[in-house]
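Below, chain A partners chain B and then partners chain C, in two separate complexes.
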Partner chain A sequence: MHTFAYARPATVAEALAILAEHGPDARVLAGGTDLVIRLRDGSLRPRVVVDIKRIAELGPGIRVADGRLVIAATTVMAEIAADERVRRDFTALAEAAAVVGSVQIRNRATLAGNVCNASPAADTAPSLLVYGAEVVAAGPAGVRRFPVDDLFVRSGVTTLAPAELVTAIELPIPAGRLGAAHARRTRRRGHDLASVTLAVAVDAAGVTRLAYGSVGPRPVLVVDESGVLADAAAPDAATAPAFERLFAAASPSPRSMRAGPEYRLAMLRVLGGRALRTAIARLAGE
Partner chain B sequence: MSPAIPIALTVNGRSRTLDVAPHHTLLEVLRDDLALTGTKECCLVGECGACTVRLDGRIVDSCLVLAVEADGGEVTTIEGLAPEGGLTRLQGAFLDKGAVQCGFCIPGQVMAADDLLRRSPHPTVAEVEEGMAGNLCRCGCYAQITEAILAAAEEGGR
Partner chain C sequence: MTGARVGASPRRVGGAERVTGGQRYVADIHIPGELHVKLVTLPVARARIGAIDTSAAERVPGVRLIVTAADLPQPVPRFGPQFEDRPVLAVGETKYHGEPVAAVAADTRDAAEEAAGLVRVEHEELPAVFTLAAALDPAAPLVQDPALRPGDPLAGTNVLRVHRVGWGDVDAAAADLVVERRYAFPIVTHFAIEPHACLAAPDGDGIAVWSTIQHPNWLQRILAKLLGLPLAKVRVHAPDPGGGFGGKQHAKYEPLVALMALRADRPVRLVLTLEETFQAVRRAAAEVTVRTGLRADGTLAFQDVAADYLIGAYADIADRVVGKGSYVGAGPYRMPAARIVARSVLSHTVPSTAFRGFGNPQVNWAVESNLDEAALALGIDRLEIRLRNLARKGEAFIPWDTPADGDWAEATRRAADRIGWGTPAAPGRGRGIAVGIKSGPTTGLSYSTVRLLADGSVIVFAGTSDMGQGARTVFAQVAGDELGAPLDAVTVVMGDTAVVPYDQQTSASRSTVLMGNSVLAACREVQAKVRAMAARVHGVDEAAITVEHGVVRLPGRELPIRDVVAAGLGRLGGEVVGNGEMRKDADPGHPLQGAPAFFEFNCTAIEAAVDEETGDVTIVRHVTVSDVGKAINPLQVRMQDEGAAIQGLGHTLMEHYIYDLRGRVRNLGAIDYRIPTSMDLPLELHSEAVENADGPGPYGSKGMSEGALLCVAPAVAAAVRDACGAVIRDLPLSPERVWRALRERDAARAGREDAR
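Our next item is the complex of A and B:
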C-alpha cells in the first residue's frame, strides 16, 4: 500500500478543516471495507486518510429525533440489522443491511459509506430511496439535508463536494402503516455483490414505491400512485401495464461480469413481483 | 514516508505498545510486528475470511483494518482462543470431524465459528451457513466445518 498521513479528528469541525485543506487529496475513512481495498490496489492515492470513527458528536449510532430515525455516519450494518426500531419501522432497510457482505464486513461497513461509495449495486440504497431517506452533510457553508435520491450520479460519483462530510442518514418515521420488503439476486448464496437489488414499499393509500439497483449506473426510484399495484385483488390486465412501467428506467450494463442484461431485466421483474407481494402482505399484517 | 504512529493494543490479553506506519493493516502488524502468524493473509479484499480476528468484541477481516484504527482496542487472534498448548472444544470438533485439510483457512474459520456460537449457541444449519459466509475453504470442507460447529454446540458450546 502506498503511504499516506492518518488523521483522527475528534470533532466534525476538525474533520471539515482537514477536508478543506486537502480537498480531493483527502479521503474519509469510516468502515474501510471499500476504501482500504482501493488504497491497496492503488486506485485511490490520497495524501491523507481521515478516520471519522472517534468523532464523539457523531454518536450514538441510532437515535430518534423530531420524528426521524437518525443513523450516524459511523453506524455499521450489523447494528442497523439488529436494531428493533429499524426492524419495525424500516423492515426493508434491516433486511438489506443484513445481507451486505459477510458477518465480518457487516461489523465494519457503514450505511453512510455504502451510500457515499455510490455503487450501483449498493444493497441499502433501494430501501433508503423507498423510505425517502435524507443525507445530512456538513460542509464549509454549514449543514445541508437532501434526499438520498439527489446524491447518486453514477458509479462512484456523488453530488457531495470534496469538502463535505456526511454525518448521518435520516429516515422520516412513517405517519401511517407501510408494508415493505427488500430482495436481491446474487450469483451464489452468501457473500456476493448483487446482480439485482431492490426494495418495495406500499402504503394504505395505495402508493407503491419501488427502487432498484445493479441494473444501471445508479439506483433508481419509481413511484406508482395509481393504486393498482398495491391492490392484491386487481385483475392482471390492470396490474400488468403498471408493473411493466416500473422497470422502464432499468438499463443494465452489457459489460458487467456478474450477469448479462437480459438476465438482470428478467430477474428484476421476478424479484420486483415477489417483493411487491411480500410488501402487500406485510401491510395487511399477514 | 509518513511518520510512524504510536498505538496501544491489548492482544490476546497482553498489553502491547508499538509504532505502526499509517498504511499498515492490523493483519500486517499482527503477523510481522507481533509474530502472530496464525492469522493468514489471503485475498486482501475481505472475501475469504482467512485474516479474521476479534476486535473489540466483533470479528473483522484484519486485512481491511488499518492498525492505527485499532488503537486502544482489544484483539483476539487464533492464538488467544485457548490456553497455551490447549484447544477449545470447537477446535477439537474441527479435528474430530475432519474439517481441517490443508489448514490454511482454519484459523479464520475457527474465529468466525467461535463468534457464531457466542451470538447463537444453538445455530441451525442455515444460521451456520450464513454465519460462515465470509470464510472460504478451497479444500471444500464446508460440510465438515458445519458438522464441527453443530457438534461443538451440541456438546456444550465453543
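Our next item is the complex of A and C:
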C-alpha cells in the first residue's frame, strides 16, 4: 500500500476544510470496505484519507426528525438491518442492508459509503430509490438536500462536488401503508456481489415503485401509477405490458464476468415479479 | 486386533492451535534482518522481454536487491518435478500472465511493492494459445522451446505427451448401444486458506528454507541441485501447511527466494497474495470425449476415452496428473475392452499441478455422466447399471493390475440407501448417483523413527506434512496404540529435513498407508527390543514373551511396557529406538511405473432441487460413502470426506477461471472467483465409510480423502437432470448455465410439439 496522510477531524467543518484543501487527492473513510480494497490494489492513491468516524455531530446513528428517518453517514449496515423502525417502515432497505457483504463487512460498511461509492450493484440503492430517500450533503456553500436519484452518474461517479461530504441519508416516513421487498441474484448463497439487485414498493393507492441495479451504469427507478401492477387480481394481459415497461431502461454490460446480459434481463423480470408479489402480499398484511 | 486408540477419534493433534491462531505458519515466521520480496510481472500473457530498467525502483528507500534473469547464474537454472523446464525467472519471454520477470527485495513489504511497480520492462506481446483448440492447431505457436525436448517427435507440437492405455479390442467389440458425448471441465484453483510462502536464510555454509511445501525432501533435492550444495547443507523447514490440496507439492518460487537470500546474504521472504497464488497453482482443464458401448441388458462392452488436458506453460507435475488421472478412466467396472488416450497439452496459461483427485475428476465427470446417458437410453435404472458392472472384490478390472481391492458394491448400495434411491423424490427435486475411483500411490519411500523414552512416552519422527488431513494424530494413535502410551504422552515431529528421516512425499492419500506402515514397523522394532529387554530382566526365554499394544506378556503374567523399559534401562535411563522403512519400488514395466498400492473408491448420491426460473441448484442431500479399509480415526475420516465433497461442489457449481482474449485471468482473487461458503453447503451432508479391513495400511486401512471429490460433479449433474431435464456437459453448473439448459429443454420440447 502506498503512503498517505491520515486525518481524523472532530467536526464536519474540519472535515470540509480538509476536503477543500486537497480536492480530488482526499478520500473519505467511513467503513472503508470499498476504500481499503482500492488502496491496497493501488487503483486509488489519495494523498490524504479523511476518517469521519469520530465526528460526533454525525451521530446518533438512526433518529426520527420532522417525519423523516435520518441515518447518519457513519451508520453501519448491521445497525440498519437490525433497527426496528427500518424493519417496520423500510422493510426493503432492512432486507438489502442485511445482504451487503458478509457479517464482518456489515459491521463496518456504511449506508452513506455504499451510496457514495456509486456501484451500479449497490444493494441498498434500489430500496433508497423506491422510498424516495434524500442525500444530505455539507459543502463549502452550506448544506443541500437532494433526491438520491440525482446522486448517481455511473460506477464510482456521483454528482457530489469534491469538497462535499454526505452527512446523512434521510427517508420520508410513509404516510400510508406500503408493501415493499428487496431481491437480488448472486452466483452463490454466501456473500457475493449482485448480478441483479432490485426493490419494489406498492402503496394503497396502487402506485408501484420499482428500482433496479447491476443492469446498467447506474441504478434506475421506475414508477407505475396505472394501478395495474399493484392489483394482484389484474389479468395477465393487463399486467404484462406494464410489467415489461418497467425494465426498458435496463442495459446490462456484455463485458461482465458475473452474468451474461440475457440472463440478467431474464432475472430482472423473475426477481421483479417475485418481489412485486411479496410487496403486494405485505401491503395486504399477509 | 487393535488397541483402544486406533479406531477412536481423539482430539486432533494441533487442532486447537489451528483454530485459535496459535499455530505458526510460514508467513508467521520472521527472522531479524529479513527482506521482503515482491515479484515483478507483466500485464500480458506471452511477451518477448526487452530491456529492464530498474533505476527508478532502486531509488525507492529500503530497496536492497533487484534481480532479473540476467542477474542469475547463466544459463538460468530450470527445475521441475518431471521435466526441468521452469526457469527461476522468465528467460527471453514470459509464457503466461503472472510469470515473474524480476523480483525486488526490500526492508518492508510496502517498499518492495512500490519498487516492483517501478521496474520498467520493455516487452512485446506475442501470439499465444490459451485453449485446447488453439494449442492443438497445427499452426499454433509453440509454448515450449523444442530444444528442451531433444529427440522427442512431439517437440514440434504443443502436445507434451500422449498416454495410451487399453485392453481388448474396442473397435471389434459388439455393442447394442453406443453413446458418445463430449464433456468439459474448467480450470479451477486450490484456494488453500494459508497463503503460499517461503523464507530462505544463509545458514553457515548452507541454506535454511522455510516453505509451505508438502514435500520438504523433494524441495531439498531440487534446491541442493540448483544451488550446487550437498543435501546436508540444505535444511528445509516445513511447518504444518494450512491446506495444500496438491498445490503445495512442488517448488514454485523457492529457488528464486533461495538464490536471492544467498545473493543478499540476508534472510529473504516471499508471501504470495491470493491473486499471485491463482497465477501459481491451478487444476488442468479438460475436454473428454467418451464412447461407451453396452449390451441391451446394460452390461458394459467397451469404453473409449479421449481426454485432452489443458496444462500450463511449464510441466510441473501436470503430465503425471494426465497419465495417472486418466489411467483408471474406464471406471471401476468389469470392462471387456478399453482404450484411453490422454494428451497433456501445453498452453500459455498458469502451470497446472497436482490437485486433490489428481486428474481423475475430469475423466470421471465424463465417464460417469456418459453411463447415465446410456442408462437413460436403455431404460435401465442408474443405480442398477452401476451395480451390474462394478468389479467384484478380487476381480482384475484392469487386466494386468492390482485387482479390485474393496467391496465397491457395498459402498454404492449404502449411498443409494441413504439417498432413498427407488423412492419418489418430491416435485422439483431429482436424484443422481455416481461412483469414482482413483489409483493410490504407485511408488513410495517413507522412513520413520520411533523413540520410546524411559518414562514410557514416545516421540515419532515422520516426514509427512500435516496440512490439515490429521496425519499427526493418526501416527500418534498408531504409536500410542502399539507402545501403550496415552496420546498426551506422544509427540510427533515433522517438517525439518535436518531432524526427520526422509519421506518421499505427502500426496496420493498415501501417508496413513505408507508412513503409517513405516511407523508401525518402527514400533515393531521397539517392541522387539523390549522383548529382548524383558527376557534379560526377567530371565525368561524370548520365545515365551510377546509384546503388543503396550503390554509385555511373560509366562503367567503381564506387565505394562513402561515398567519393563524402566527396569531394563536402569539408572542411566535412555531410550529404545526403532526405525521404520516402507518402500514401494518402481515397476518399469507398468504403465504408471508401479501398480497402485490401493484404490480410493467412492460413491456419491445427491438429491437436488432446481429453481426453474433462476437455474438455482440446491443440494438438498449429499451422501458420500468411501471404502477406507479401516478408519484409524473415524472423525477425521468423516471430516476429510466432508471437505472433499464440499471442495467438489466448488468445481461442480461455481468455480472456474475466466480468461480474457489475451490470456489474462479476469477473476483473480476472491471477489469474482467464488468458492462454496458455509451458506452454500448441502442442506444435509452424510459421510460414511465402508470398513472391511482390506487395505494395505496399518490395521487394514487404505488411503482416503480424495475419493469424496471424484464423482460429485456427475452425481449433481445427474440429479439436476433428474429434477428438471436440464442437460449440462460443461462445468460448472452455474445458475446461468442451468437456466440456459432449461431454455434448450423447452425449445426441444416445443420442437417435438411442433413435429406432432
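We take it that the second predicted complex is superposed on the first by the 286 of 286 C-alpha atoms of A that agree within 3 Å, B and C clash if a C-alpha of one lies under 4 Å from a C-alpha of the other, contacts with A are read in each partner's own complex, and residues count from 1 in each chain.
Just so it is clear, a contact is a pair of C-beta atoms (placed from the backbone, for glycine too) under 8 Å apart; a residue touches a chain by one contact, two chains touch by 3 or more.
Every value quoted in this text rests on a predicted model; they were computed, and no experiment measured them.
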Contacts of A:His2 with chain B and chain C, given as first, second, both or neither: both
First, second, both or neither for A:Gly42, with chain B first and chain C second: second
First (chain B), second (chain C), both or neither touched by A:Met257: second
Partner chain(s) touched by A:Arg282 [first = chain B, second = chain C, both, neither]: neither
Touching partner for A:Ala78 - first (chain B), second (chain C), both, neither: first
Chain B versus chain C as contact partner of A:Gly190, first or second or both or neither: both
Touched chain A residues, chain B compared with chain C: B
Which of chain B and chain C A:Arg218 touches, first, second, both or neither: neither
Contacts of A:Asn107 with chain B and chain C, given as first, second, both or neither: first
Where chain A meets both chain C and chain B, residue numbers: 1-3, 189-191
For the chain B and chain A complex, residues of the former touching the latter: 1-2, 5, 21-25, 44-47, 49, 52, 58-61, 63-66, 68-69, 112, 115-116, 129-131, 133-135
Residues of chain A touching chain B in the complex: 1-6, 8, 29, 32-33, 36-37, 39-40, 49, 51, 53, 78, 101-105, 107-108, 189-191
Of all residues in chain A, those that touch chain C in their complex: 1-3, 42, 185, 187-193, 257-260, 263, 266-267, 270
Contacting residues of chain C [partner chain A, same complex]: 110, 113-114, 117, 613-614, 653-654, 658, 666-667, 671-672, 674, 676-680, 734-736, 739-740
